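In the two complexes that follow, subunit A is the common piece, with subunit B as its partner first and subunit C second.
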Partner chain A sequence: MTGTPIIFRRELAAYFTSPVAYLIAAAFLVFTAITFNQDLAFAITVRPVDPALIPRVLTQLLIFIAPLLTMRLLAEENREGTLELLLTAPVSDASIVIGKYLAAWVYYTFLLALTLVYQIILVNIAFPDMSHTLGAYIGIWLYGGATLAVGLVFSALTESQVLAAFLGMIALLILYFADRIGQIVANIDLGLIIFQLTLQGHFIPTFAQGVIRAEDIVYYAGLIVVMLFVSIRLVESRRWR
Partner chain B sequence: MIEVENLVKRYGNMTAVKGINFRVEPGEIVGLLGPNGAGKTTTMRMLTGFMPPTEGTIQICGFDVVEDSMSVRQRVGYMPERVPVYPDMTVEGYVTFWAKLRGVRDVRARVHAVLEQFQLLDRRKQLVRFLSKGLRQRLGLAQALVHQPPVIILDEPTIGIDPRQVIEVRDAVRSLREGHAVLFSSHILSEVEQVCDRVIIINHGQIVGEGTPETLSRQLAGRQQVFVVVEGGSDARISAFLRKIPDVVHVRAMDDGFLITTKSDVDLRPTLSRLITQEGFTIVEMRAVDASLEDVFLTLTETKQP
Partner chain C sequence: MQARSIVITRRHLGQLGSVLLGLGAVVALTAFIWSLSFNEFVAAGLIIGGLGAALWAAMTPQEFKAFFTGRQVQRSTSAIFTTLLLVAIVTVFYIIVQRAVIVSDLTIDRRFTLTEQTLELLRVVERSPRPLRILGFYRPQDLLQREIDDAYWQLYEAASNGAITRQYVDPIREPGIAAPFSQALAANYYVFVGFVNPDGTLDLSTVTPVSNQATQERSMTEAIARVLAGGSFKVYFEQGLQTLDALSNSQQGMSILNNNLRANGIVTDALRLSDLAQAGQTIPRDASALIIARPQREMTDAELAVVREYVERGGALFIAADFFPTSDVFLNASSPFNAYLWETFGLRMTDAVVVDTRSPGPSALHVVSAQVVTENVLTAGLNQPNDPSTATMFHMARAIEVNPQPPVPNGTVIFSSEQSWGETDTRAIVERNEFIADPDADLRGPLSLVAFAENPATRARIVLVGDGEFLTNGYTSAQSQFYATGNATLFMNSIGWLTGFSQQVTFAPRAFMTTPVLFSGGQQLDVIAFITLFLMPGSMLAIAGFIYWRRYRAA
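After this line comes the complex of A and B, so read on.
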């Protein structure tokens, strides 16, 4: 794992020098800002502010943002041929994939930290439940990590960034909305199991209410581990083609 | 330094490399020569540990490429074809990244040294995307040498750059001889002839010739070449006719005529002129040609043509 920090630093620097990453960050902030503004307008008359508002919005926004953040990671190396140099450097395939993944997660953490601005505004004009907010933020941070890991798999799979992003979005949409299938299944137990497998099944009922449960943490951490394992295997398979 | 034994690589049911053997010693520059698709890049990719061989063994500095992959990768400097780069990094950042990844001690000093060696110092703050092809090639060499590897593998280092830059790269390669085992591939003969101590000619995944440029030229001794310009028929017809003449080993259509390689040391010119005239063609020009390394190469690699 000696290569991981070196890969990580190069990749993180690449995010901060990439125009695409700034565009994604801008879209991310504009979207969350509009949502926050609307919620504030509602809060005047209709209902109190939602302390988990931003994390709740992000569950769906990340379906589109996460694959855009990860699409470049391995697909570009593959297309440019730099993967060939990386794979002949004295570092393991796993340390390459993990270094890249961590860079994406840290960049996402930075984006997430920017949304704390809304919480600061809120504290000054209302009395939000801060522990509720904190729970939801921890949840969405993990949730984001899981969606990025899913996105990374598709970046490892193809040379085309566009295809990687597109496939990643479809996979995340399925993972998120699979509970719709659960709802039309006549069997209640089966429906419940399907719901437990979806991304939202471990967020909306718990983290979004400010509740931190071990099983939800295990679900997202497990998803990350499995997706990283698949990505590493996919990178390895480049050697056989 | 490099020992390759019975190396085979199969992709599905296509065999790209069919059992090749060779060695490269320290202080030696060896050229791997062959037409496109001969298996040069595949061989090099196996040497660097990028892909495992289907059969056979490769030892680099005494380490097996498959068993001791990390030790091998530490000791090999590799420049793939058309130098892959990160366009948004600076020249210095790019070389520093590879130096760190390969565990170089005193990274700054080494990076400075290779940038100086390849005259990139004044461009070290420039983004890689703005480098010309020749500079990119030098950057590729700097990257391959930054960790002071004993074995250097260069895949087509002079492809796609202008003649002046070719000379620069060639000089750079020649300067590496001291203490390094250098293997470099090319499909351009003159370059191999000038730089290499030894040439390995590879075609259809097999070694078809090996030796110093001089010995290879000598292999053609006993053969003669005649250049003829013939009129009175289509090129295809003339060429087919020439091939049927006894003692003719090989006929190559050139821009303006045909290069005929003959088997015997008998001067075939009188026979040729008689037969060509009898067939109703006209000879515009005919002369004997001295065999060069290029002819050896073409004879060895074009034998499978009809």
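After this line comes the complex of A and C, so read on.
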């Protein structure tokens, strides 16, 4: 795992020296700012603002953002043949995958940190529940980490970045809307199991309400670990295919 | 032109077999997960898969063998097994953590943390010989709500060390369990709490609904307190003064409010003052309150003696006295009982009928509670902002005189409006439906419609209402044209205060600290929009442009 920091630094530099990363950040900020200003206009003198508004919006936005952030990580290297070179270097498959994943997560953390400006504005015009906000941000940070890990699996699976992004979005849409599939299943116990597997099911009832439950942290952490493990196995499979 | 022929080789058939094997396996697995049973779809999937495997093995036996024994397969099988093992480890860890119920409430108001008052009640539950159960009815489409509620209810289970358990039922799948709750479910109550029988079933006679408000802790804690207090409060309906029939479900009956009392764990029964007087008996010792609802005749001296004895030993009275165009009207001007109430509590009923021209009711004789005295246990939930149905509605109500220098603490609960007056010419109302204010003869508004008094020495209490009709099903049924939720609220609050029930089950409201957004000027909103919508994304675009320009120059 000694190669992880090297890969991480290389990938992070690739993010922050690319104009595309800032274009994504600009689009991300426009979308979240529209939501923030809309809610502000509705809330004036009527009700306290929703402390979990931005994290709540991000649960939907991440379905599209996360695959865009991860699509090139392994698929591009695969297509250009540089992955073969990497595999011959003295770094393990796990180092490659984890290093790239951590870089994507740090970049996502940067995007998330930009939205803290909205909270700073709120502190100056009202008395918002900042600890509730903190809980929601911790939740969406983990949620984002999980969606990036899912996106990484599809990047490892194919050479095409477009296909990787498309498959990642489909998978995240299923994980997002699976709670509704659970609602149409006649068997409520099965519905509950499906609900427990969804990304939403571990965010809306708890983190978005300002509550941190250990089981939700385990769910997101578990999803990240499993998805990274699968990604490592997929990269490793190139050796014996 | 030469015709192209289609040649089907053994290899093609082998490929078809492998596809059928995969397809059959997917169909069987999906059907099994969907229904959690071995049904015809599972069987069909297995048959298709089996036939596919047979075809594959028969047509391309070497390929079939290589698929299951080759190096690639061995590696991928190992990868799949290790992945499944990891999933299993994560799942086990998840279940362990889930059962441990480790929760951290970050909200500034500690909205998801049980207060000391609740914890104290849960300690009582823990010591109770009978466990409690929270029963929730959730349809499959309510799963998200169920999870949000469950996060809260599990705090009760954990804090009571398992003395409270949770049970969730799908009313569509298990209509038998839902049947006894159908009325409450129709009224949008979907969570209940009650004692558990030794055989593990819910004791339906103790079940009380939990109101589905945003203040979940208050609703649940009060419901648990009601269950614990169930049976320890008993109120009697006087049925010998031609009063409202507490069991009748007709428009003139009072069954709705009687059922409300029972649903809250208060035991109800009937008595006749005349029978007690004749037998030389007193009002039973277990009476937490006596309800005299719309009596149509005055009490005899013997009946009054029974009531006096009850009041003197600290009894509680709920009296709702209507106007009747008879000489023997209850609590008339010359009534000894009226004089007794004035002397004991500083309250008496007048013969004037309240006319309120500002009333939004069907007529000026339908008086809507215009002013509710400061929020207290009697007025809680009445005249809520933007909800006119939470007002009370009385018809031909009598004004109550409240002694400003009373022998015991007393006061008014509800007033009529300032435009109202107390019409003393009641014959004109009854015979000609005529009511004209006469400043010399009539009482000037605002007038007391509901009043209360309490003797701190004996703990005797009274709530006096100048109308009896408001208690009838005709005024408390949701189907009625005169329906006002305030009527039932006033009655339940009154009984709660008279019996001491509300003191035992009331959860102190919690104050919340967050505030709405307040601006000093509209310009501030424009500044915020400029910063967030233009300045911040613009700066990102500027950085992107700079990097692109630098790369372009370098190239």
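The rule is short, and it goes like this: the second predicted complex is superposed on the first by the 237 of 241 C-alpha atoms of A that agree within 3 Å, B and C clash if a C-alpha of one lies under 4 Å from a C-alpha of the other, contacts with A are read in each partner's own complex, and residues count from 1 in each chain.
Quick note on the criterion: contacts are C-beta pairs under 8 Å (C-beta built on N, C-alpha and C of every residue); 3 or more make two chains touch, one makes a residue touch a chain.
It should be emphasised that the depicted structure is a prediction, and the values quoted were computed from it without experimental measurement.
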State whether subunit B and subunit C clash or fit side by side on subunit A once the two structures are superposed.
fit
Which partner, subunit B or subunit C, touches more subunit A residues
C
Examine A:88 and indicate which partner it touches, taking first as subunit B and second as subunit C; both and neither are also allowed.
first
With the two structures laid over each other on chain A, which partner does A:80 touch: subunit B (first), subunit C (second), both, or neither?
first
Return first, second, both or neither, reflecting whether A:178 touches subunit B, subunit C, both chains, or no partner chain.
neither
Taking C-alpha centres, what angle do subunit B and subunit C open up at subunit A, rounded to the nearest 10 degrees?
160
A:14 contacts which: subunit B (first), subunit C (second), both, neither?
first
Does the superposition put A:40 against subunit B (first), subunit C (second), both, or neither?
second
If we overlay the two complexes on their shared chain A, which of subunit B and subunit C does A:6 touch? Say first, second, both or neither.
first
Taking the superposition as given, does A:205 touch the first partner, subunit B, the second, subunit C, both, or neither?
second
Look across subunit B and subunit C in the superposition and give the shortest C-alpha distance you find, in Å.
6
Taking the two structures together, which residues of subunit A meet both subunit B and subunit C?
17-18, 240-241
Listed in rising order, the residues of subunit B that touch subunit A in the complex are 11, 45, 48-52, 70, 73-74, 76, 78, 80, 82, 84-89, 97-98, 100-103, 143
Help me check something: in the complex, which residues belonging to subunit A touch subunit C?
17-23, 25-27, 29-30, 33-34, 36-37, 40-41, 43-49, 114, 117-118, 121-122, 125-132, 134-135, 179, 182-192, 195, 200-201, 204-206, 209-215, 218-219, 222, 225-226, 229-230, 233, 236-237, 240-241
Footprint of subunit A on subunit C - complex, ascending:
33-36, 71-72, 75-76, 79, 82-83, 86-87, 90-91, 93-94, 97-98, 100, 102-109, 111-112, 138, 140-141, 143-144, 147-148, 150-151, 168, 170, 173, 513-519, 524-525, 528-529, 531-533, 536-538, 540-541, 543-545, 547-548, 551
Which of the residues in subunit A come into contact with subunit B in the complex?
2-3, 6-7, 10, 14, 17-18, 80-91, 239-241
